[in-house]
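Next come two complexes, and both contain chain A; in the first it sits with chain B, in the second with chain C.
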Partner chain A sequence: MTEHSLYGPLDDVAGEAGYDDHPPRMGFFTDTSVCIGCKACEVACKEWNGVPADDFDLLGMSFDNTGHLGANAWRHVAFVEQRAQDLGMPSFDRPGDGSGPESRTDFRWLMSSDVCKHCTHAGCLDVCPTGALFRTEFGTVVVQQDICNGCGYCVSGCPYGVIERREGDGRAQKCTLCYDRLRAGEEPACAKACPTDSIQFGEVDELRDRAAARVAALHERGEVGARLYGADPDDGVGGTGAFFLLMDEPEVYGLPPDPVVPTRDLPAMWKRAGLAAVAFAAAAAVAFAGGR
Partner chain B sequence: MGSNMAEAHPVGFQWVMEAKERGAPVFHIDPRFTRTSAHADLHVPLRAGTDIAFLGGVVNHILSNELDFREYVVAYTNASFLLREDYRDTEDLDGLFSGYDPETGAYDPASWQYESVEEKHAGRDADSAAKEQSSSYQHGSGGPRVEGGSDRIAADPTLRHPRCVYQVLKRHFSRYTPEMVARVCGVSEEVFRAVCDAWTANSGREHTAALVYSVGWTQHTTGSQCIRAGAIVQLLLGNIGRPGGGVFALRGHASIQGSTDIPTLFNLLPGYLPMPTPEHTDLSSYVDSIRADHQKGFWRAADTYAVSLLKEFWGDRATADNDYCFDYLPRITGDHGTYRTVMDMVDGKVFGYFLLGQNPAVGSAHGRLQRLGMANLDWLVVRDLTMIESATFWRDSPEVETGEIAPERCRTEVFFFPAASHVEKEGTFTQTQRMLQWREKAVEPRDDQRSELWFFYHLGRRLRERLAGSTDERDRPLLDLWWDYAVVDDEPQAADVLRRVNGVDLTADRAVGGYTELKADGTTAAGCWIYSGVYADEVNQAARRKPGREQNLYATEWGWAWPMNRRVLYNRASADPEGRPWSERKALVWWDAEHGRWVGHDVPDFERDKPPDYVPEEGSVGVEALRGDDPFIMQADGKGWLFAPSGLQDGPLPTHYEPHESPVRNPLYGQQGNPTRKVYGRPDNPSNPAPPEPHGEVFPFVLTTSRLTEHHTAGGMSRTLPHLAELQPELFVEVSPRLARERGLEHLGWAHLVTSRAVVEARVVVTDRIPPLRVEDRVVHQVWLPYHWGTTGLVRGDSANDLFGVVVDPNVFIQETKVATCDVRPGRRPRGPALLDFLAGYRRRAGITADTGTHVLTAGPGAEGPAHTEEES
Partner chain C sequence: MPEEARFRSYYGQPVLQEPAWEWPVPAYLFAGGVSAGSTLLAVGADLTGRPALRRAGRLGALVSLGAGTVFLVADLGRPERFLHMLRVAKPTSPMSVGTWFLVAYGPGVGVAAAAEVLPARWRLGRLLRWLARPAGLSSAVVAPGVAAYTAVLLSQTAVPAWHEAHPELPFVFTGSAAAASGGLGMVCVPTPEAGPARAFAVLGGVAELVSARVLDARLGLVREAYGTGRAGRLRHWAELLTAGGVLGAALGARRSRAVAVLSGAALLAGSALQRFAVFEAGVASTRDPKYVVVPQRERIARSRDEAGVVGQPPRQAE
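For the complex of A and B:
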């Protein structure tokens, strides 16, 4: 497939979608090493985009009472409590189980604001049968609420579990990267509200350079766990428009380690299906011919 | 220390993050591992209420190893000054200072004075009423008076004299060893040394270290001394008045700094002028009580500040002939603080109450007492954004459930006034850096919502109309008020009020340029002298918004900071005695000999043209008496005080006392708690027993409370908003895994916490973020819960503040809500009248009476001082 790329690196995402003259690709670089877990992003997002409050449930997942991204949470701050011996992999114990006044050693509390990745190859968009999901001139992926019919294909199409249908409404909901604000020359609400610049908004190319430099600086400081997530154009979704600097394995934050856009194998599948069809046809022909 | 900056002040915390990016090591010393600790290089958990022991250990470390910034200390602090021979330290008196009176539970501070200060001057603050009036807070920004501060003070610049402050300090803190810190605080010696090493290594000529605190320091019976301890460390290390140094007080609300500058406190007038007392028969006796005859500094000019304030209050009516209406000012006769007032409400001595943006039914200590007090008023005015618990207590408080308040019989008539929010009115915020920032009105207030300014202006106007023609003497102060602020469409203009706060030259109707222009002859009026200059040149300086990137690091054209737009207080100390920066890296202001003036990156906090080698003439006082190397220009002797010869009720040096309610006996002294704390011993304000009293084991755990980022204090502004309420939907209590096992608590299950005042239920969150500590030979468990919930709003729950009693610091009357003792049990709490029986059972088992906790004196062999119960005090 060359005309409509479904996989692999892509230089001009908006151009690929048919925009001749378009602004540079915009996205988020979320540097979780400076996230203070204030959740201002969650609130600013909901306020600006009119996203309703969810249930008033205490989840007991550290300070996280949002739980996961979904129809009513377009930003989600994860809180991960780690003991020294847990570093690297999540614990199955209760947080801090088994420690006492003497045994408590190094302790770490990771915070990370998650959001729609605005993939280069967006599974949600590629499977949307109505055209409700579209690629904007900024290279972002947005649902048009007046077109979405609530079929839900996109929900299973997203390798990150980001998009979700809203209960009682049925239409698919997710981060728009504040498309309306972008068109007005403003940065998205979450980035605007972030007090420590953990959420940085800008041109994706520039953000990737910045992120690479940041990782190098953290490594130099001895933060060897620092790594980028989603910044690699060779990954399973062609790199993401919203990517992250994590301090540990993606699984620790509840992120898939190796996400792959489900449409990656579509060409191969069609090819195989075509081959199979040809083979069936040939076999049938042989059978009929043999019957004479 | 004592601050959860990332959670409680996230916007300010961006600068800590920036400093960290630039290589500054960040240490967080706090009982809990919080979102602040998550970004610190090292988190040091310590037992709640032991900060002074920790800081005392740091002082001891500095002095024992001679790590102080010696040139700074000798030149700029009172380290070399000699004390009187009759001064006795806690080292001599088992935890007491000289001058303690067991009967009043108060000190006569006469023996704490400098040697050369004459006897007749000393101790004028020491009248028995001083403790009642919270006198040291009255000293405010100016520091207490020291008669003789301008005279030559006997000193030993070599710091060897046994009675010089340096040696007294050294002796006082000598027992605060690393081993002792470990025993008291539960901090290992190794970790403690790591903090000491980092602090001292990052101080000196080339480096400075900043100290940040919040209400984790202040809300203790030793709150003021905690800050003193921090200030001593910073002075010894030369971290005051220098870039990157300082002691930063992070304050709770958007303009809580403003609410002490132009105070909502009973004992202060604007600009930290004290409220007069009945002894002040005329203006001159009042002014003389603020300043000493022979002292240095800008408080000498207190007469110009006071007269200008009276002129602002009463305008043309205030003349030299009538003492500028000084007699119109009310006099305070004792403790009229918020907690005393609530007890007076319970006792039927108070009839009406205004609550403005405050929700004491949830936000103040001893919620039950607050609600019972409000239920015993004739009328109550509540102005708030939403219907808060303090407006609805009569129908839905826990006391309705227990039958103590019957809605149909509650006599209090509540008037609720909807308030305009900060985006619906204009005005200034004064933030924690003393900076005033003007904010515009973004939207019109809806319906009946009105600004505070509108409310009080029209309340005053209507009261005056109602009283017009009255011949009653007592109505004169109200009728004679200068009450003619500019009004547009019914709304008083905040900018005009700010101009009058700034001060006006009445002869030319011109805004004054600063407080040095204020006069004591009635030709100037100023609502708050420290704010003079905010409207200089008839320009609203607080509204300046030149971006920081277009200015130097100090951004002096962003907003306006008091005094005189100085961003770093006492910044003369950033230069050496000769006026040269201590180092190029840390240059802030310096003496420009060529032009004969102080220059630099910040506005110099010093007389512009006073050279560094200036020596005042013999006998000069006030500003003239300040030497060219006296950086602390508001202090009566021009020096930074390692030792406070006057001004504090509980001693000239910080001393570790156990909290009022503590599980352990004070390991340092026979004196258990602060011997001057105010205990309000009365049956409706019981205390849990603390050593040496028996039965402390009934309440074996340490309780501490604080805020979450997701909610705003008492919750009126957050529990009512779905987008905030969902982020922290329920009251929870954090316990360690070990305590959970010991008490059978399940993660996300229910627990109830019990004190002698209340029982509160909360969901359990088991976490390693609140570690048990080894203190002495035992394991001390601490539990924490946020205090945001109440009976109204979208998310509801018990109020953590109900657990606390009322016991306060003697200096500023702040309540001890950062530490108490409690019991923790699994499951939900009893309900209805059974709850009262349950609590009575606890009190019986712990042997609690009104006397419990009120024997504040415990020093000396077998000493038990008198009980300080309500009847006696």
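For the complex of A and C:
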């Protein structure tokens, strides 16, 4: 195994996983700047994938009563209410005169539909001991429900806190990027349901270009906070198949600012464990050599 | 403002999932360590003519391995699918590697222990006696791996307290395994024959204490997860018990059987608490987003410094 396969940029994700002939890598570009927080994605995902909708809670986090991605939430819309630090100059314009960022009030609302990132180097997939988690021909990451034995390792392997064991079921659950729909030539349910095209589905290469253009356009309009998250193949997970345009720092949306796949350190970890194992055996030998 | 870590988050919510694992996992870490160490003691005792230590080691290795296996299966979401672990051998998954270590390790342990209990007048008993030494040796080859891999099992995760600890954790765990198995030998074996168990326990206990301290000294923010709350209390007791056990083993256990039993028990308890402490520290480090956000922010700032970027990244509303 080369070091390359554990970490760093990787052009052909499905090819690396052993597919000779495969479709292009598919993914999501979630443009949060146009998200209106309607949660159609959450509902469509539950409908299509049969994800239970049984935990009704009022969380007191703005309009977010889902809380976090998990076994029963494969899409999660975050709502962030922000008060600007500087209130700006008083203005004598009539409301509605302007439409650019200069016309904003001191309050803004960020909404973002989060999802499994379908990482290039997926921590969950690397640690799965049964082979239940696998890389599809589309370059996505999916759990085979008939294989998973609920060991729970993937839950701690994901640097984004996405995958979770479902209570009462015992198996790990997360977004499949609608693997069944993709195979039938359909787009995923959430992207189909999104009324503002905040969730865009397509070939990852094409989506990355589209995203770069969109950020540039927003910067031009004065939205200096706009940034891409996950679109960089040089990041800690080799770039993600599902990436985002955010309007503020990732942690504001509950995302890790600089996630790294734990597997990056695997060679170093085994080296230390090897040393410790040798020391353990040596201690036993010494114990008998000097035995009284 | 005091030097409390300042960071932004989503309503203070955790970034990571809490580990799906519960107490059976640290219990397995402990049991696996006891088994691996006992196997080494049994093989050494077999080769140097110490029948009581050999017997205790072989039986102790099997009982703890059996308990460990039960813990492992119990923590699965679908225990009946335990054997799915054997579908694949995956070098990137320490759990898969560990499973195959156990597959290689277990049979020898079973044969060696069976040889201790089956009477020699049975034909099977005689056969097993003849097989016991090579069987024990075959397990002894894998035993250090069994004791050490569990550190990688925890570290190969996004859990801050486990991942950040990866350089020292293997030494904490193998030290803890040696201390516990030596302690078990001291409890079960008459003092004249227990010399190697005492020595093993002292070496292991010291290694565990020292590497835990080294770990503490190196860790950044996440040291707090080890030092406070439940993990902190468990760790405190683990240290006291192990230190006490080491002193007893080194100074009094040679002459007094009572001291030997007490110190042995203290070492076993200390080792177990050490495993639970590390486990709890990991869980705590997933509950508070600061353990994820603050170090990652620092990493970004460092790499920006190295790249010579000046100024702050664009930041809008707070």
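As a working rule, the second predicted complex is superposed on the first by the 246 of 292 C-alpha atoms of A that agree within 3 Å, B and C clash if a C-alpha of one lies under 4 Å from a C-alpha of the other, contacts with A are read in each partner's own complex, and residues count from 1 in each chain.
Everything that follows uses one rule, which is that a residue touches a chain if its C-beta (ideal position, glycine included) is under 8 Å from a C-beta of that chain, and two chains touch if they have at least 3 such contacts.
Keep in mind it's a predicted model, so treat the numbers as computed, not measured.
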Item checked: Which superposed partner A:169 touches (first chain B, second chain C, both, neither) -> second
Item checked: Which of chain B and chain C A:277 touches, first, second, both or neither -> second
Note to self: Quick check on the superposed pair: does A:208 touch chain B, chain C, both, or neither? Answer first, second, both or neither.
What the structure shows: neither
Next item on the list: Mind working out whether A:118 is in touch with chain B, chain C, both or neither, as first, second, both or neither?
Entry: neither
Notebook entry, point to check: Thinking of the overlay built on chain A, is A:83 touched by chain B (first), by chain C (second), by both, or by neither?
Noted result: both
Margin query: In this superposition, which partner touches a larger number of chain A residues, chain B or chain C?
Written below: C
Margin query: Contact-wise, after the overlay, does A:181 reach chain B, chain C, both or neither (first, second, both, neither)?
Written below: neither
Notebook entry, point to check: Between chain B (first) and chain C (second), which does A:108 come into contact with in this model arrangement: first, second, both, or neither?
Noted result: both
Note to self: Once chain A of both complexes is superposed, is A:135 in touch with chain B (first), chain C (second), both, or neither?
What the structure shows: neither
Check: Intersection of chain A residues contacting chain B with those contacting chain C?
Finding: 83, 108
Check: Which bits of chain A are touching chain B when the two form their complex?
Finding: 34, 36-40, 42-43, 46-47, 52-58, 60, 62-63, 65-66, 81, 83, 94-102, 104, 107-111, 195-197
Checklist line | Touching residues (chain side chain A, partner chain C) in the complex | finding: 1, 6, 61, 67-68, 70, 78, 80, 82-85, 108, 123, 126-132, 147-153, 155-166, 169-172, 224-225, 227, 247-249, 251-259, 262-263, 265-266, 268-270, 272-281, 283-288, 290-292
Item checked: Residue ranges of chain B in contact with chain A within the complex -> 6-7, 10-11, 13-14, 17, 21, 33, 35, 37-39, 43, 186, 708-710, 722-730, 732, 736-738, 747-748, 763, 765-769, 771-774, 779, 794-795
Margin query: Touching residues of chain C toward chain A in the complex: what are they?
Written below: 7-11, 13-17, 19-21, 36-37, 40-41, 44, 47-48, 75-79, 81-82, 84-85, 87-88, 90-96, 99, 143-145, 147-149, 151-152, 155-159, 162-163, 166-171, 173-174, 177-178, 182, 195-197, 199-200, 203-204, 207, 254, 282, 286, 289, 292-293, 296-297, 299-300, 313-318
